[in-house]
Every structure is written in structure tokens, then in C-alpha cells.
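Two complexes come next, and they have one chain in common, chain A, joined by chain B in the first and chain C in the second.
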Partner chain A sequence: MAVRNPISRTVLWLSLLGVGILSILPFVWVIAASFKDEKAIRKDGVWPWQSYQVQRTAPSGESVGVTEHVTLSNYRQVATKVTGLSTYYVNTVYLAVAGTFLSLLVGTLAAYGFARFRFRGNMLLYGLFLFTIMIPGEVTLIGRFELMVRLHLLDTITGLLAAYVAGNLLLVIFIMRNVFESIPQDLLDAAMIDGASSWQVFWEVMIPMGRNGLAACGILTFLSIWNEFFFALTFTFRAETRTLPVGITMLRSQWGVMDVGVLFATVLLSFLPIVIVFILLQRYFVRGLSAGALKA
Partner chain B sequence: MVRWTCIILASVILALSAAELIWHRTPVEVFRGREAEGAKGVSVVRVGIASWQAGEFPFAEAVRRYEEAQGGRVKVLVTTLPEDSLNAMLLSWHFGRTEYDAVLAWADEEIFPFIDYNRNSPDPAARSLIVDVREYLTKEELASFVPAMFGGCTRKDEATGAQRSYEIPWMGEVLALNYSREFFKARGVKGVPQTWEEVEAACEKLKGLKDESGNEIAPIALNFAQRGFFAQNCYVPLLAAYKGERGILDSKGRLDVSSPECARVFETLKRWYDRGYISRHAFVSDDVEKDLEVGVTAMYPHWQSRGLWAVAKQKPGAVGIAPTPGAREAGSLVATYGCIIPKCAPNPKQAVEVCYEIFCTDKYGFQSGVSKGFPDPVTGNISKGGKMPVLRSIYADPELPEGIRALAPALEKGYCAPDPLNWAKVSDIIVVEFQRYLRGSTPTAEAALAKVHRRMAAEVYGD
Partner chain C sequence: MRRNPLLQAGPDCVKCTAMAPPEATHLGRESAWRRKHNRLGYLYVMPAVIFFLLMTAWPLARSFYLSFYDYYLLEPEHTKFVALGNYAKAATEDVNREPFVNTLKFTVMFVPPYVLVGLVIAVMLHEVRRGAALLRTMIFIPVVVSMAVSAVLWILFYNSTFGLGQKAIVWFVGENHAPDGGVLGSAAWAMPGIALMCLWNGVAINIILFLVGLERIPDDMYEAALVDGAGAWQRFRYVTLPQLRGTMVLVVLLSVIESLKVFGQPYVMTGGGPADSTKTYVMRLYELAFRSRTFEMGYASALAYSLAAIIFVFSVFVWRFNRKAE
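Moving on to the complex of A and B:
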């Protein structure tokens, strides 16, 4: 709906601008603060035009007061303080990519079955799947832990991957079933008449037609795995199997007090990939969510 | 195309998972350990340390020196742990599985779930997930510790009446009055306040002070946001001083919240707040913790380490550390950090020996690092330190920081937070009810403390 009245349009634009600024300000603040000394941040001086005093060691070994506006020292400290940062990154990227891929692969196959095959207990099974969405993962933590112990999957990337795939599968099934049900039956019939098998229909018709839904599921799954903390903390013990969210909490000093400059630098490094993924796929994300909602 | 990409990707993931599982079932350390034990007589001790401690204490250097001294017979593998891994550890040890032979840096209250595990079991051996270290330390080793350091981890066995201690202390904290000599001098505050009344008088003199940049200096920084810090740094020291030798416990052995002195504590803190003595960061735990370090407060009653860290950040001699008012008569609150050894560890005796040798004595420079600081691996500057050593003999070192030497006598009358298992819950109730009183929702200190008493009885002790 177009707003023609200039005053209404101005008010609307100003309101949207205000909401936009409010949304983006925390991110800009984190980015600006990541280039400041902790002392400056704690004295509310995070913006680049605000200067601050720090003690630096001169070549003579003498400690001298220096005026600075920005510094890269937080990023230098990330490299030294967060030991194993590269391992955490690799683990998180692998888990997010592999977990998203497996969730989509298994979830879409299951959703295809639920949407297009009529079999005894179809709705009951689907209802059971939906019911499990309502149980918070934390409630099942001890059971999952025992399962991990018995299957010798504790403290392994594979165990964590299995937990993530299982946890995100239901969301994929839920969204993709609705997406697949919204695809006209005529298209499937036409493909069948042309001699396509169910397997070919899945790959040649359902997947291309449901790509918006897949992208939405992909982003949601990727985000949830990338940010997941609780299972990663509980199911892993060694530095080799840790993920980025757990690694970031290790920056905390006792009682949760942090070197906030270093924290912001690390947080920036951790959310950049997510922002990039979201920007690349946001078109599909919005479309996919609405596609999934139509037949819900 | 999509189909084949999916098949290839799925195959790669499966192959990687299979490779990881095979690798995990035969980890290289186990091979190394087995081979070493069999061939060279080398044993491996796996030690977990909390992440916040990794940069604060010279673990790597002390372990390296220890291994060298052992001539390669013992290998100590150190892993840093996220601070919140407590529950995972409990679960893992419950299933008889451990990645560590010893875990360091656990606060007193945090180890009690391990101690209380299976506490009602008729089989004494099934009680607790961690070993009683008294069974493994020699008499001489036990006698070498400052006794107060065992206060937080010792429990009486109800069946036998024996005292059991569940951690090997490696570092302590004592409550102190950390203060700025510079700001005291600027406003003519002479000497260190010996009573809380003198603290109040000093606050009045210090009010309105500003630094050279015009930033306001708070007379005193108190943490009203974090439950533990409120209870231990605000409530307990004032209560201890007001009650004197009667101590901070009530007749049931719980933290006293019902005597008239308790109301006096609440009233005093509120009066200071109303008069503007207290740092504006009082409700932001992270910020108030840094107030003394960044020079925006004149006094900070807290652990001595906060004072000693501020010493390192401020001009030489600018920050002083003294016992809290009343500590000479009533003693000081002490907190300890120790090594715990899981019962499921393959060789608890060796784990205890290694922990004592490396982390409690100063043979490998660890206790020096704990108290005096150690060179930062990046800059080479001496940093951190500021913690109380655990062995009596170390206090004879004349090079210990002035603050630590000044507080050593306070350890003799040291006491730990009562009922560590419930300390967090009790602190939570006290700070919440204090805040309600501070903001006027509860009219009087007596009413606020009556609420604390009722809530403690109902929510913590089930009276």
C-alpha cells in the first residue's frame, strides 16, 4: 500500500529510520568497541573520535602515557588469549555445514514421505514428531548424555553432529512437509506420466520447487548450530572438540568478568560469518518462511 | 548434479565421522601413555584447569619445570575447561568416565555437589564423586598448609565423625580493605580506617572528589549486583565487625540474618547509598569490579587480589591493602581454590602427589606466580598474581607483595563462608531483599531481614 500524503510518508520514513538505527546500533557499538582499549570502553568512550590515555612501554623500557583513538590490540589478544581459536572455528564451521546439510537431506526425505505418500499411521507418526518439538532439549539432556556414553560418542564431533541433526530434523520436516504439500499435484502427475520414479520426482521436481523452503530451513538450522552452546558444553571435554560459543565463554574471567574489548573482538569474528550467510540468502529466507506458512 | 553432490557430501561426512570414531577409541595420548608406561616407565597425569585461571597463573611453566625435574618419567597434560562445565563433569563422573585425573580452580561451593553425591547411600564408598585427599596426603604435607585453607572443603563424616577434606588447596583469597592512598591524601584521610564508622567518616571526606579529567571519584565501591560479592564483601564483613567474637553464624550454624546487628548492616549500607558514597557502578557487577583498577573509587572492600591487581595498574604506591575493619578481632573471610580428584581417576594417589608438588609448593615456581605474578608470555611484563599462598612456609618469603604480608595474620583467624552448598541461594535471597529495602519497597531493615529469614527457612532449609 503506497503512502501518498507527504507528512505521513515522512513520519513513516522517520519511524522506520528510528527502528533501523535501534536495530543496527548494538552491532555498530560492538564493532566500534572492539577497536578500543578496555579502559576507554568502561568510561563510555567507544566511538573513534573519542580519545583515551593508555600506558605503553617505550623502546627504552620506560612506561609512558600515550593518547590513542583506536587500537588493534584486542584482535592481537584474541590470537593469544583464545588458544585454539582456529580449532573452534573449524569445528563450528564443519558442524554447521555438515549438520545443516544432513538435517536438510534427511529432513526433506522424511517430509517428502509425509507430504506425498499415504500410509497407515502417517498422521500419527507426524503428530509424534511434532510432539517432540514441544519438549525442550534441556529436559532430555541426561538421557542424551547417557546415550552418548553408551554409544561411545561422548566428546566427539560426530556425537555432537548427531545431536544437532536430530535436534534440527523436526523443524526441517515441519517446514518442508508444508512446502511439499503446497506443490501442485499436477506437476508430480506430469512427471510420473513422463516415466519419473518417486526418487526422480523428489530430486527433479520437489527439491527445485522447494528451494525457497530449503534455504529458509538451511539458514535456521545453520544459525541454530552455529550459536548452540549447551550441548557443545555438556558433550565435549577436550579442546579438540570444542566449538566457538564454548570457546568465547572461556574468555570470561572468574565471576563472569570479562576483558570487554577482547570479548567484542571475538564476538565480531564469530558473528561475521552468520551475517554474511544471512545477507547472501535473505531473499530465500523470507520467501521460504512465507511458503512454509501458507499450508501450515 | 544436486543428487551427486549430496551423495558425495554425505559420503565425506560419513568417512570423517568414521575416522574420528576410530581415532577417538584409540587416542594418541593413550598410545603414548601405554607405550611409555610399558617401555620407559612414564605415566601420564591429565589435569583440567578452569579457563579463567589459564592466563592468571603460570601453569605451563610450572608443569614444564616439574616434568623436567622428573626426568621425563611423568607427563602432565593440561587442558583448559570452560567455567560452566561443572554439570557435564558431574554427569561424566557419575558414569565412571573422566578425561581428567585432577581438576583445579573450583570454588568451595562448586565442589559440594560432588561431595554430596549419593550422600544417603548406606555404602560409604559410594558417597561422593571425589576422593578425601586426607587419605593420600602425608601428615607432614597436611601440616604444611595454612589450616584456614581447608575450611571450605572439609566436612564431618556423619557415620564415623571423621573430618574429610575434598580438595587440595592451591590458592586463597582473604577479604581486605583495598584503598587509594592518592585519593586519601587528596582529601586528608589519615591512616587506614580501623572501624566501619571510620570508613563512613572517610567517605564523607572523599565525597565530591574528581580526578584530573573531571571524572567523579566514588568514596567506596560496593557490589550490589552480584549475589556472592554482595554477601561476602558487603554483608559479611560489616556483620562480623559488628558482632565481634560472636561470629557471623546464628544458633543453627547458618548465616545470621536475625540479630540486631544484621539490621544495622542493612541500615548502614542504605545510608551510604543514600548519601552518595557508593560507586554508580554498584548495580553493574562487571564495572564495579574494575573501579579501583581504573581509578574511579577510593575504597573497595573485596578480596586482596583486587587490590593487588589495582596496584599493578596504578602508579607505584597509589593503592594500599589492609585488613577489613574489625578483622583483627573477628577474623577475615577466606575463600580457597583447590584440586579435586575424581574417584573414577585411574590413579588418585599419583594425581594427589602431582597436584601437591606442582601447585601447592613453590618448588616449580607456581606459588610465587600465584602471589607475586609471573611474566606474561606475550609482553614479558609481570602480571596477575595477588593471591594468598597456601603453605605456611611461603609466608616467610620477604619478597611477597606488601599486601599479602599485611594480610597474613588475618588468615590465622580466617573463616569460610558458612554452608557452602547453600551459599549461592542464601546470598541471592539477601541481595534481593536488600535491594527491595534500598528501593523502598520494604520499609525497614528489620522487615527486610524478616523476609530473608522466612525465605531462607522455606526455600533453602525447608524448615
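Moving on to the complex of A and C:
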């Protein structure tokens, strides 16, 4: 039901643009500030059209005051002063990719089992899974921590990976079971008449037919692991096992000694990649989020 | 169907039994085939069940068991059965009161704008056709940035000397009423400041939920309303709102649950301060379990299960209330 009146349409559009600008304002502000000197940030303002004075050494050897608008020095310093950012990135990318893959693999197999096989205990098990989705993760946390201690998986990436797969598995099963149930039985019967095994039906009928659901689950799982904070905070201690969300908050302890400009540059580097990926894949993201949000 | 030897090494052997498909056989053989076929389901759900039992069911059961014990991870020799002692302590101990009240304050402060802003923006976005992709991209960007990164960003944003947020507040309320030590350094401002950051970071989820609900309202309902001469507000009031009822209940429920569990944002932004004014329920739990000298996991488990019970009761209440109102 689109609004017809051109004036109200323009007003509507402009107010939404205003909301959009407010949404991205903090990011834009950080981007602008990351190109400024610490003193400029504190005194002169962060926007590129605001200038500030710096002392530079002229070729003759004397120090002269110059007016600058932007500088790249923060980024040069990030490379040398901020340690660990690349490790955090590697860990987080690994966890998100491997975790998404494993959750989807184990989850779709189970969803197929639940949706298409009437074995004894099917409903009971599935009901148990459904019930568990509603239990908040905080409750699982303490038990899992103790389990990690016993399995000697505490403070390892593998331990965190296992926790993430377990944490996302049930939602994948839930969504994919609904997807698989909606695939018409005739199609499966036809494949079986052709002599396909149930594994072939899974791989060559179910997976291609359910690819939208799979994409939604993939995006949902990836984002949830990429952003996860609580488990990463409690299960890891060393810099080598830290993920990006936890690592970035650890910067706080260095704030006293750290140049504010460098801090801005670091924050920018921690959100820019995912924002760019989002902008490129915007349509799929929204579809995935809505599918997931709907089922959750 | 492609014949791939790898695929045939799958976890079943329907083909080997050379059974005809079910329709072609008489009843007895069909059920035998079916039973055999159905049992394959166990193989498919097996990996998930193993994962579930080890990584979810066992921790849940273990945590429940521990909640009846005085249990310190680092001093297991002092474990003592206390029955409901931990739950009684959780409900009565004074130190728990402030985090609990803070969490409720946060919920009251956060949920109404979270739901209403989500609804309003969703309804507006739903009306827009041209340029919708651009608007949606801009408005949804914050939701993909992780909570922790957003929190750090907003610490800078609220900074008392150079923060843009602080400048906006000074501009709005005047120099005299603005918090001196920055938003996060003031007991009165810190919690609303955190709630605002949460709103910015997460409202897109509610917008998306409402958009899905709006998509489902059949167009002819609006056309019928138009024929009846309903204005824009009347269409919203008598068509959109009633039709969004189910979505609304879901959004409110999810929002309340989310805010009862709030932890990361205050943990990163204020660490619970100033003077414990932003310390939440889950933060108290976290401190007991992971930051106390002995890792008081029994007591922390009781707190965790109490929270789960509160959430459960609330969900059932909302669900029943909704059913009755229908």
C-alpha cells in the first residue's frame, strides 16, 4: 500500500533518510576521526573540513607550524602499536566459517531425519530440542565451562567452536525441518522410484530445494558467531585465543597509553569489513535475518 | 539422477534391499520397507543428538544439579549439599537486589522505545518503494556490527571532551544539565545511555520482524478499508495494528527476554559502574561464577536457573494473556 500523495511521499522519504543518517552517523564520525591527530580530535573537531595546526620539521631542520586537514598517521601506528588485531581477525573468521559449516552440516542432516523419517522417538527428541531453544544461553554457560575444564578444552579455539556449533545447531534444525517438511512428498517418491537412496535424496533433492532456507541459516549462524561475546569472554584467556569482539574491548585497558586517533582507527578496522560485506550482500542478509527472526 | 559412487556410500542401503517403492507393493511389504526406511532417520539425527547430549543437555543437567550445592570450581573438596539454599540466598541476599532492580529499570527504559521505534520505522519503510534498498541498507547497518564493537564505539561517542553524543546532549539540554564526566560517568545518565546504544544497535531486528508481519497483511484488506472511506490513520488503527497483533506479541516477548539478559553492553561500556548503577543480573551471575576468587558455580547456577524461570513464567503469562485476549 504505497502512499500516493507526492508531498507526503517526499516527507516520508526524507524522514526515513533522516533515520538512516542517524543510524550511520556514529560510523561516519569514527571514520572521520580516524584521519585526525589526537590533539585535533580533542580540540578542533573531527570533520575533514576542520583544520588543525601541527609542528613539522622542515628540510632546513627547523620546526614549522603547518595547517592540516587529514592525516594517515593513525593507520601507520595501528600497524606497529596495536598488537593482536590480526590474530583476533583470524580467530573470528575461522570460528565463524567453521562454525557455520558444521552447524549447517549437522543441523540439516538432523532436520532431514526429523522431517522425513517416522522413527520411534522422533517427536519426543524434536520436542526436547525445541524446548531447549527457549532456555537462555546463560544457563548453559556454567555447565559448559565446567565441561570444558574437564575435557581440557578451556581456552582453546576448538572448545569455543564446539560451544558455538551446539549453540546454533538447534535453530538450524528448527528452520530446516520446516523447510524440508514443505517439500512435496511426490518429489521424493519420484526420486525413490528412480532408485535413489535416501542419501541421494538428501543431497540431490533436499539440499537444492532448501537452498534459500540454508542461506538464511548460514547468514544467521555466521552473524551470531561473528558477534558472540559472552562465551568468548568466559572461555578464553590468552591473546592467541581471543576473538574480535573480546579483543576489541580489551583495548580499554590500553586506553590510558593509547593515542585516541589510533583507537579510532582500530575501531574502524573492526567494523569496516563486516559492514562492507553487508552492503554488498544486503538483500540476502535481510532475507536471512527475517527468516531467522521469524522462526526464532 | 546422477550416479556418483561417493554418494552411494551414504548411511543407508535402501537400494541394496532392492525394494520396490512403497506404492508398488502390497501392504505387508510396504510396511516392512517403511519401517526399515524410517529407522534410517536415527543415522541422520545421530550427530546432532550426540552434540546435543554432550554440549547442551549435560551442561544444563550439571548446572541444575550444581545449583543445589555449595560448589566452588577451584575447591571441589568443599562441595556441600544445601538443597534450595542457593535459591533462597539468591532471592534474599542484599547484594542481588541492586542488579535485579537495575535490570528491571533497564527493561522498562529499553523495551517501549525498542518496540515502538521498530514499529514506526517498519510501517514507514513498508510504504516506500523507490530507493527502499538504500534506506534499508542505511538503517540496518548497525545490526551487523557486533555488540562489543558497537559498545566500544559508543564509549568514544559519549566521551566527555570530544564525543559527538556528548555534544548533542549539551546542545539538547544545555551545559548546566549535561553530565560532567560524560554520559557513562554519571549514575543518572549511564543506564539511559546504554539503553540508547542498545536501541541503535538492535532495533533493526524489530524493524525486520514487523516488516515480515506487514508483508503478510493482504492488500485487499486495505482496499476494502479505502472503499469504506478510511483515512491513513484509520487504516493503520483498524487494519494494520490488529493484523500485526501476533508479531507485536512476539516482538515484545523477545525484547523483554533480551533486556532481562542484558550483560555485554554494560559490561563493556561501564563495567557496572558508576557505583554499581549499571550492574545487571547477568553481570552479578558472571562475577560469582567467573570473577570470584573460588568460582562460586553452585550459587551462580541457582541465579541462572532463577532467571530462566522468570523468563519462562513471563513467556507463559504473555502467551496465555494473548490467547485470552483473542
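Please note the rule applied: the second predicted complex is superposed on the first by the 230 of 296 C-alpha atoms of A that agree within 3 Å, B and C clash if a C-alpha of one lies under 4 Å from a C-alpha of the other, contacts with A are read in each partner's own complex, and residues count from 1 in each chain.
We adopt the following convention: a contact is a pair of C-beta atoms (placed from the backbone, for glycine too) under 8 Å apart; a residue touches a chain by one contact, two chains touch by 3 or more.
Computed from a predicted structure; not experimentally measured.
Chemist: Does the superposition put A:101 against chain B (first), chain C (second), both, or neither?
Modeler: Only chain B is touched by A:101; chain C is not.
Chemist: Tell me which partner A:196 touches in the superposition: chain B (first), chain C (second), both or neither.
Modeler: second
Chemist: Touching A:65 in the superposition: chain B (first), chain C (second), both, neither?
Modeler: Touch status of A:65: no partner.
Chemist: Residues of chain A touched: more by chain B or chain C?
Modeler: The larger set of chain A residues in touch belongs to C.
Chemist: A:158 in the overlay: touching chain B, chain C, both, or neither? Say first, second, both or neither.
Modeler: first
Chemist: Does the superposition put A:80 against chain B (first), chain C (second), both, or neither?
Modeler: Only chain B; A:80 stays clear of chain C.
Chemist: For A:122 in the superposed arrangement: first (chain B), second (chain C), both or neither?
Modeler: Second partner only.
Chemist: Touching A:184, do we find chain B (first), chain C (second), both, or neither?
Modeler: neither
Chemist: Figure out whether A:39 sits in contact with chain B (first) or chain C (second), or with both, or with neither.
Modeler: A:39: touches chain B, not chain C.
Chemist: When the two structures are overlaid on chain A, which partner does A:239 contact: first (chain B), second (chain C), both, or neither?
Modeler: first
Chemist: Intersection of chain A residues contacting chain B with those contacting chain C?
Modeler: Chain A residues touching both partners: 42, 142, 145-146, 149, 203, 233-234, 246, 249, 251-252, 260.
Chemist: Please output the residues of chain C touching chain A within their complex, sorted ascending.
Modeler: Going by the criterion above, the answer is residues 1-2, 7-8, 10-15, 21-23, 34, 37-45, 47-49, 51-52, 54-63, 66, 73, 121, 124-131, 133-157, 161-162, 164-165, 200, 204-205, 208-209, 211-212, 219, 222, 232, 235, 254, 257, 261, 263-264, 267-268, 282, 285-286, 289-290, 297, 300-301, 304-305, 307-308, 311-312, 315.
Chemist: If you look only at chain A, which of its residues touch chain C in the complex?
Modeler: On the chain A side, the touching residues are 1-3, 12-13, 15-17, 19-21, 23-27, 29-30, 33, 41-42, 46, 106-107, 109-110, 112-114, 116-119, 122, 125, 129, 132, 134-136, 138-147, 149, 162-163, 165-166, 169-170, 173, 189, 191-200, 202-204, 223, 226-227, 229-230, 233-234, 244-246, 248-249, 251-252, 260, 263-264, 267, 270-271, 274-275, 277-279, 282-283, 285-286, 289-290, 293-294, 296.
Chemist: If we count contacts the way the header does, which residues on chain A are in touch with chain B in the complex?
Modeler: Residues of chain A touching chain B: 38-39, 42-43, 57, 77, 80-81, 83, 98, 101-102, 105, 142, 145-146, 149, 152-158, 161, 203, 207, 233-235, 237-239, 242, 246, 249-258, 260.
Chemist: Give the list of chain B residues in touch with chain A in this complex.
Modeler: Chain B residues touching chain A: 2-3, 6, 9-10, 13, 16-17, 20-21, 24-25, 48, 50-56, 79-85, 87-88, 91-92, 95, 97, 99-100, 215, 226, 228-229, 285-287, 289-290, 294, 377-379, 381.
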